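The same chain A turns up in both complexes below, where it pairs with chain B and then with chain C.
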Partner chain A sequence: MTSSPSTTLREAARAPARGSLRGHAARAAPWLIAACVVGYALVVGGYAATVVAFALIYAIFVSGLNIFMGLTAQVSFGQSAFAAIGGYASAVLTTEYEWGLLPAMGAGLAGALAFAFVVGYPTLRLKGHYLSMATLAIGLITYEIAVQWDSVTQGYLGISGIPPLGIAGYEATTDRQILIVLSVCVIATVLAVARIRRSRVGRAFAGLAGSEEAARALGINVARYKLLSFLLSAGFGSLAGSLFVHVVGYVSPEVFSLHMIILSFTMLYVGGIGTIAGPVVGALVVSVLPETFRAFRDYQDLAYGTALILLLIFAPRGLAGLFTAIEEKRSP
Partner chain B sequence: MTACLKVEGATKTFGGLTAVNAVSFEVKPRSVTAIIGPNGAGKTTLFNLISGALPLSDGRVLFEGVDVTAEEPEAKAARGLIRTFQLVKLFPELSAVENVKVGFHLRSRGGLLSALLRPRWVRQMEAEIDGRARELLDLVGLGTAADRPASALSYGQGRLLEVARALAAGPKLLLLDEPAAGLNADESARLASLIRRIAEDGTAVLLIEHDMHLVMNTADDIVVVDFGKKIAQGAPDRIREDPAVIAAYLG
Partner chain C sequence: MDSALIGQSLVSGLGIGCVYGLIGIGFCVIYNASGIVNFAQGAFVMLGGMITHVLLVRGQLPYIAAIVLSVLVVALLGVVIERLVVRPLWKRNAPMFVMILATLAAQIVIERLTFLAVDDQPKTLPVFTDLPPIMVGGVAVNIQSLWIVAGSLAIVGLLALFFKGTRTGKAMRACAINREAAALQGIPVHGMLALAFGLSAGLGAIAGIMLTPTQYTAFNVGVPFAISGFIAAIIGGFGRPFGAFLGGLTLGVVQSVAILAFGAGLKTVVALSVLLLFLFVRPSGILGAAK
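Right after this comes the complex of A and B.
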């Protein structure tokens, strides 16, 4: 954005537009789209419901990733490790040891947070590429452990017969029930991230994202808040992993491979990094888009790739940023 | 009266180069002290030594009588030693008022739990922070730009925003690194009266500045450095006539 001499006048005109109907509409647009996609899946059910259910699980995972990468402007290629810990903890504890769903999920969460703390404490002192490389290694190592630790994870065979989502006797077994439970989880995640962002903690994240030096000069303990951001994103990653295994009923190492990282990065950037709605919109669009190109048959991947490139050219700030950008352009 | 800040023999060497060479001076409470000197004299390095951005090679820094030489920048900030930067370091993604709100970090409280639950005291605190942040923006003359993104501000406005953000942290000593650079005459005059007001309200100010008009109008005490050494110190009238200063500036 460049400031032209007439900005003061333009500002004066724009200021009241901030709370205007159009402004609200621009902010509500991504949520409406998300609600429509989920609503469609609820009505149609079947395969569409399965695709959207996966998308909602990814929405939670990517929301967590967004705390670390969007709000705090750090890079991690290793978040799949935390999803793997959550997923395998849920899978092993509910099948082998017959734990309840929530205790197993809690144990996975605790494990993921402990691992994130042990890994994050030394590596978060690294900067830029070094941190990225270190986190990439964490993801790959966790994957290898899932493959090799046969006695617990059953290697490539995977663990099956994982019980479905459910609390206190109520179980979500049909497509629609699963969709509703996951939607509630996504809403809770989104509210949590939104509240974190507008809090003192969120401002500290934004401060170190903008300039570590300036943040430190204002008394923000950069190392501590980076670690907190990493732990938060690991926590959401772990919960997403747990939800995944209960929804699918089966887990194998491939679930948490490098593909998961690539997919979640695509979702984050397509949706809009640093925004609250971005991860949700991105997860839904990136999951649903390839399905809508099914009619192209052999050219499905080509069409999907082209669509992604066009999206990144015309919406560099992501889909969630696109609406507000259009709104800003329209109001004179 | 004990000094607010005491610098004793501050020295910084980079390899064979001595950027700051045994500089000593004091900043009295409620006063404005200016550090002046030709480009490359070591002023900003001296600032970085005081704020903790760079470790000292030798010497000591005492803040309110406590040795803070080895403390990290955030620890010094927590004591009330707050700085701005020569190259403005704003949080570009945030609006002007949000930038100032980040500055309230040390003077507010609340962690993850209170962020998620948002109890009544947090809502009250947030409302108060918002009000005070806007007051600070009014004070530096950016009241009308409060909701603009920081990246859309002019260079001079960015500098003023940095001052407002630093004030939000409740400094006992405010370090300003070339606050008037890029400001027009109007803004510069406003800044001069603002600096006087900050000092009168009880915050000592230490500034690096090239704008001699601003320095002579605001400073109680001037420290002159050249080639990393302090060559003179005194009131503006004395400095103006000091032969060593005239020699350094006129070559």
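Right after this comes the complex of A and C.
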């Protein structure tokens, strides 16, 4: 057994087939689907907008997770820790200390990066199930602290009255404004991840994903790039956490529980691990589908868990695998 | 802090430590047979107590019958999980991470099914024998703790006999040493994997049943137990069943002392910190990892 979580490395390493019309269509398809879902929510507004806004926040979180797990082929079950740090920093600083939105978000980001640096250094030396369990422990410790540290986090009660998203006097308060702000954030995230993947750093990640020994032999500083990938992933996690609390206006520890981890992995696998579009499509599909069966709300975690197991067994490459399969049929 | 209080917490720590130890052994049995770390281990612990409770209260079965039936049902469920979730992935040579994620998802599925089938209220079981606690030098030792310690030691002894003395036990150990060589000797490796899942599910169920009278069980207690069991296995050196038992005792005692010092709220944080400490400083455990 190998320890690599990514099943699409071959695809990540290969240059995309250019020129063929079908190839273009297959590459554009996931983005078109995403745009249609967001567009629909913009037009309809109301509850649909709330669901899609939630999905867009998760798209950012899962994109971050994808840098570490998809592009670099590492394992982390503890990314919820960074979302919790970002979310709580935003919530506490804006309500208790009346900071502005951006400084609070920045403080959360700095806190999450510092935490990722401190825990990442010893943790990332671990491999396999040791790494899995250590990261899971980090996520759960953060959750427990959020529950127990009453004086700051108000425990299970949570913090309410968090101000909405806004910059320099302009506030996004209606569903549509929130959707537009979040869409811009997701587009920026996607562009950033795509840029990272194409860069020297991204190639180092891909090398590391393929084989640590080979990467080391090529002069890639394995430990440093693993940590860098972890930090990038933590950064997006923290931003997603901050956005979440400002959009919802409320935060409690339950937001960052094991549920978040299972949900984000389901999204990552539905969309396709290791691809740029995968996290966005996965987040939208996984968030929107259960809403169409609203009678089954109690069954949500059950559905996510079952779907995840079935995906892992039968379709480990997700929807993105479907699109590339279409593309591959035509390309030589 | 008076010494009686410390003695008290050491006693309760040893009791819960035995339970962690049994869960840890469950991890090792599966790991040795397959190299898989089964993150659904906590579900078996939860189900042991829960199914016994349901049989006892709704089924009106005698206590002993409810316990035996519950252990058998959970062991069977272990085999079912191996068949439905683990086997297909194993055949496909799935990465270890995928296996961990799949078993973690199985844990969530079992949790939610339990929640839907029962409810979210904590459940408890009657103590095995309703006797007043024994006083040992100012320390009250409750009888259920004695049941836990004695029961765990008996199980560890039986397991030792099973692994050393029986043909099947020896075959499982052969799989642990080298699966391919074991297969070449005609040992049914797949069957051993199913057996390992059944065995460690049964162990988890017994641990859960013995512990429930002193605490409670609810649909969501599984994950913390799984993590404690995993920590026990790490402390003992992963893949060493008896090391895991010692690891469980160590963790139980450390945790009880920590509860005394910092309060019960932080017991999970303390346990997880012990885990991180071991992972960072000595990942091969006290006795050294099996492989």
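We adopt the following convention: the second predicted complex is superposed on the first by the 288 of 332 C-alpha atoms of A that agree within 3 Å, B and C clash if a C-alpha of one lies under 4 Å from a C-alpha of the other, contacts with A are read in each partner's own complex, and residues count from 1 in each chain.
In the analysis below, a residue touches a chain if its C-beta (ideal position, glycine included) is under 8 Å from a C-beta of that chain, and two chains touch if they have at least 3 such contacts.
All figures in this text were calculated on a predicted structure; none of them were measured in a lab.
Of the two partner chains, neither chain B nor chain C is touched by A:Leu101.
Within the superposed three-chain model, A:Val201 lies in touch with chain B and out of touch with chain C [touch as defined at top]. Of the two partner chains placed by superposition, only chain B is touched by A:Leu228; chain C is not.
Of the two partner chains placed by superposition, A:Val247 touches none, neither chain B nor chain C.
Contacts of A:Tyr299 after superposition on the shared chain: chain C is touched, whereas chain B is not. Residue contacts after overlaying the shared chain place A:His129 against chain C, while chain B stays out of touching range.
Using the contact criterion defined above for the overlaid structures, shared-chain residue A:Val62 touches neither chain B nor chain C, since it reaches no partner. Once chain A of one complex is fitted onto chain A of the other, the partner contacts of A:Ile145 are limited to chain C, with no touch recorded for chain B. Residue overlap on chain A between the chain B contacts of one complex and the chain C contacts of the other covers 1, 3, 7.
Within the complex formed with chain B, the chain A residues making contact are 1, 3, 7-8, 11-12, 15, 18, 192, 195-196, 198-204, 206-207, 209-211, 213-222, 228, 232, 274.
On chain A, the positions that touch chain C within their shared complex are 1-5, 7, 75, 77, 122-123, 126, 128-130, 132-134, 136-138, 140-141, 144-145, 147-148, 258, 262, 265, 298-299, 301-302, 304-306, 308-309, 312-313, 316. The touching residues of chain C, counted against chain A in their complex, run 35, 37, 85, 88-89, 92-102, 104-106, 108-109, 111-113, 116, 223, 227, 230, 234, 238, 265-266, 268-269, 272-273, 275-276, 279-280, 283. Here chain B touches chain A in the complex through residues 51, 53, 72-74, 77-78, 82-85, 89-94, 98, 101-106, 108-112, 114-116, 118, 122, 126, 144-145, 147-149, 151-154, 165-166, 168-169, going by the rule given at the top.
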